[in-house]
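Two complexes are shown next, each including chain A; its partner changes from chain B in the first to chain C in the second.
Now for the complex of A and B:
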């Protein structure tokens, strides 16, 4: 048995050791925390600060409180833009998920040339977005484009179609390009998830007489739940605020057919030079995306 | 041996000192230019800069090429980031915004009166905001109509003087020339994109109908005619040209570059544009030399033209204003202006160069006449918002199934809201 003074000494030295250990951890985490503050927290807070002004960021700073937010929430144009953004995001994410999962399921089998296909199917993801958009813009060109040329020769269309210049086809065309660009990431995530599923589960399902569809529904998808959730959250956030491909293809046109929220923010800031309202839009988008990610987590989060 | 080492060290120190001294004396002028990235303009501008540097070895010109449609966004971003170049491209459409941002120096304090008196007064007026001269005019690109004189001659047509002439000519020229059942030649290369290139061209059609997108009334208040009968008429003309199949497919995707290619590749007969397009067309298709003529923008109820000034501003924050002024003086000298015009078609803003015989003949006739009837662009910091409204209106009529009346009504309301907000 330890005497009281020695017990006290022991407690003090333990506390000192624990404090030192904790302090060491804090010091190691400090650079990363500072980086996060500078790169993430500061821009967010500064953006919110700008949103309270009518400003050109140089020599005019008129404090307007939450007037920019009031304008946003009373504007029919804003609702229209959000609706277009939701259509674009839903179409793109759903298309990428369907194609990515299908290809992952195929690549997870012993198909001949699997290594070759795994390499070639990643290629769209390797191209910069601007390059992808320019390539597709030429393929969509009404006079010289590949699609019209082929479709005219096959007799599918009677005259050249302006895919990016028509209010009916512009958004689906842009969604198609976005799906082509983004499906490889989903495919890779799903493939990694599939390869982590124990083979015994499929064997058990086979013994129980499960069909391919039943195996997919009761074995594969439940095991992929976390991967699907991560993939959907990442993709939804990424494509909700997407800019480059849409800007290069249509610049938000024709009229406002492809005018998503990021295009609106860009035009408000850099064509109308109204940085306060643009910052307010960006803050609103942040909260929308945050709510979407919370929604996904509640819907697809781990169940006991 | 020891003496050789001492001598070598002395030579090194001397060489280092000389180079350090030279670098101190060396001035680098950063020039943000839209024309340097265009062809054939870029080659000529670089050649002029090279000649200036050869004559002034203590000054280095460093170009920052930026396409015109992106120029003012990039410039604003640079201004906010404290990275303004010494000299930057400016136009009357942006000069009010530049004044609002406080980024352009007053050139009245940099250039003397004698030098400035060598410019067409109308060009200096458009470059002045509240008494401050904020851009030095370099060239004018008055807007008119370029047309294929050879096709017109074959069809027994003359350059269109009215919009009825224009539509009739477009109808006559639009043909299936190879008989394969697909139209392959159209009357008009319409720039239907919703950007500066599209806005600028529609503005001239609008003004020819007696309507102004933005102007100040007698009491000094901003007004807009975007909801007027003139706007309806302008939209009707666009709709007639489009729905009549007189323009190639994909009109809302056809920007300036695409329209130039259509003209150069024998696809279209007419284009509303400035003389600079002649150089761009001939660069793609030199065989068209002599076959491109010009007339002013067709008349509706009014004659419409603008000077289309392009020039340079010296940044208020520049520490090399004197050197910048020297370069700009060299740039706008008569000799360089004529070389610039010969290659690019852009017309001089300087009187002495503009009076030369080179700036005459059927190629430039329409543009020379346009200068005499040109009206200024509105100087308002919110002008780009009005242009955006205009762009949505004409695209709505072209591909959105909206009637000209409804599109004009909506544009009028939006313009009124923008003006009210700004005032």
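Now for the complex of A and C:
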């Protein structure tokens, strides 16, 4: 039994390797942590500080305690903005989810040309948001836009429509563009999730006589639970605070039809120079987003 | 209908559905290209034509002569490269540390990375605007790089953490028995294995930086400092909207990155989705 002490020794040394050196990880994480303290944590706190003032950031700094917050929660405009933001976020996230999941299911078959289709279908996600917005602004052009042209030819509409110019159609149009830009990420996540599902589960479902819908409901979706949760949370968080596409397409208009919270904050801060109320709005958004993601986790976590 | 026939019908239906979906991508992008090779007159004429009577490549020349896009592209390249390099360096260290060690504050660090995803960039924008004004960093490359690492470091750290998790920890243990220092293990043994992940991470960080809009909109208003997305965005506010020029420039600044991504897609996509699938 000569080998036993040797074995024991190596076990001990790998043990101490783990125990003694845990704090070494701190040194590795330190540069990132310090950088984030400087560029994220400190500015965040400073932003909160600004939210307690009525200020133009130059010569006027009136400390007003939580008056900016009180004003937010009692103003009808804020409720309207939040409602618009919720409609935008829900429409975008739901649309991206259904299109992304459907396309992932279609791509996860033995269809000929699937690599080609996948490549094409990723493309919208790779265009910069500003470019996507610009492209669709041109597509939606009332006179020379391709969108109207196609719909007219198909007989869907009888006369050219100003999609971004009317308070009724502006928000759905903006949502359409956001879905177009963002569905590929959902599709890729779902596809990766689908490919990780063990094939045997489908085979045993088939032996049990499950229909396609049944195996989707009882095999596919439960297996995708994690991926679905992650993509819903990330997407909701991202699109709730979205700015660029809407700003380029409509600047929040017509009137306030597409004025989501980010647009409202931007205008309050950098057009009206009321930085205190804008900073307070931003803090409120942070907490809303935080609550949403906790809510999702609870909701999807309880299913299991 | 036999089973085989039914399978074939199903695949045909799937093929048609995917072809229709792809058309929703291809048609707008082709329309972009078609617009970019039209003259002003043809761009504003009905009925709409896919192939113009006179094919004109002038828009692709005007980008460089009539607009400062050469300058904008240089600004974007400089700022985004700077932010990418910084975030790659610190995120490789942080990703390695968080994947190998259970140190005090690790959970707090990871939670903080997640929380950075939650607040609106506008929340940082207002304090940035004030702080950078005080420090004289408005309209400087340094200021923009600082703002950009605020979102590229968390992204890169998450991606690198996922990649380091996939490298067996036994390698560290073996090297440690041989007496190598912690940093040497990281630098000479693990890092070479993590290079593919680092490359993917760098590409992602570069793409999000390249596409960033709102920070640059506020922090770099000087014409000499503007980034590409801001330059493109402001074209729309001009009195005479030259859609052909806009579509040309939109394609020129998007296609290189799209080509690189699609060329490496297999590899880039797996590094992005790894974390989500593992859950």
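For the reader, a short list of remarks on this structure follows.
In this text, the second predicted complex is superposed on the first by the 275 of 304 C-alpha atoms of A that agree within 3 Å, B and C clash if a C-alpha of one lies under 4 Å from a C-alpha of the other, contacts with A are read in each partner's own complex, and residues count from 1 in each chain.
Just so we're on the same page, contacts are C-beta pairs under 8 Å (C-beta built on N, C-alpha and C of every residue); 3 or more make two chains touch, one makes a residue touch a chain.
The shown structure was predicted, so the numbers you read here are calculated from the model rather than taken from an experiment.
After overlaying the two complexes on the shared chain, residue contacts for A:219 are found with neither chain B nor chain C.
Once the two complexes are overlaid on the shared chain, A:82 sits clear of chain B and of chain C alike. When the two complexes are overlaid on their common chain A, residue A:23 makes contact with chain C while staying clear of chain B. Of the two partner chains, chain C is the only one that A:44 touches; chain B does not reach it.
In the superposed pair of complexes, A:270 makes contact with chain B and with chain C alike. After overlaying the two complexes on the shared chain, residue contacts for A:280 are found with neither chain B nor chain C. Looking at the shared chain after the overlay, A:110 reaches chain C, while chain B stays out of its contact range. Put simply, more of the residues of chain A are touched by C, taking chain B and chain C as the two choices.
Of the two partner chains placed by superposition, chain B and chain C are both touched by A:57.
Residues 57, 141, 143, 270 of chain A lie at the contact with chain B in one complex and at the contact with chain C in the other. Within the complex formed with chain A, the chain B residues making contact are 73, 76-77, 79-80, 97, 100-103, 182, 192-195, 248-253, 267, 381-382, 384-385, 388, 392, 395-396, 398-401. Against chain B, the residues of chain A that register as touching in their complex are 56-60, 141-143, 152, 159-162, 164-167, 251-256, 267, 270-273. By the touch criterion given at the top, residues 10, 13-14, 17, 21-33, 35-36, 38-41, 43-44, 46-47, 50, 57, 99, 103, 106-107, 109-114, 117, 119-124, 126-131, 133-139, 141, 143-144, 146, 149, 180, 188-189, 191-193, 196, 226-227, 229-231, 234, 237-238, 241, 243-244, 247-248, 261-262, 265-266, 269-270, 275, 278-279, 282-283, 285-286, 289-290, 293 of chain A touch chain C in their complex.
Those residues of chain C that touch chain A in the complex are listed here as 10-11, 14-15, 17-19, 21-22, 24-29, 31-32, 35, 43-44, 46-48, 86, 89-91, 93-94, 96-98, 100-106, 109, 112-113, 115-131, 133, 146-147, 149-150, 153-154, 157, 172-173, 176-177, 182, 186, 207, 210-211, 213-214, 218, 228-230, 232-233, 235-236, 243, 246-247, 250, 253-254, 257-258, 261-262, 265, 269-270, 272-274, 276-277, 279.
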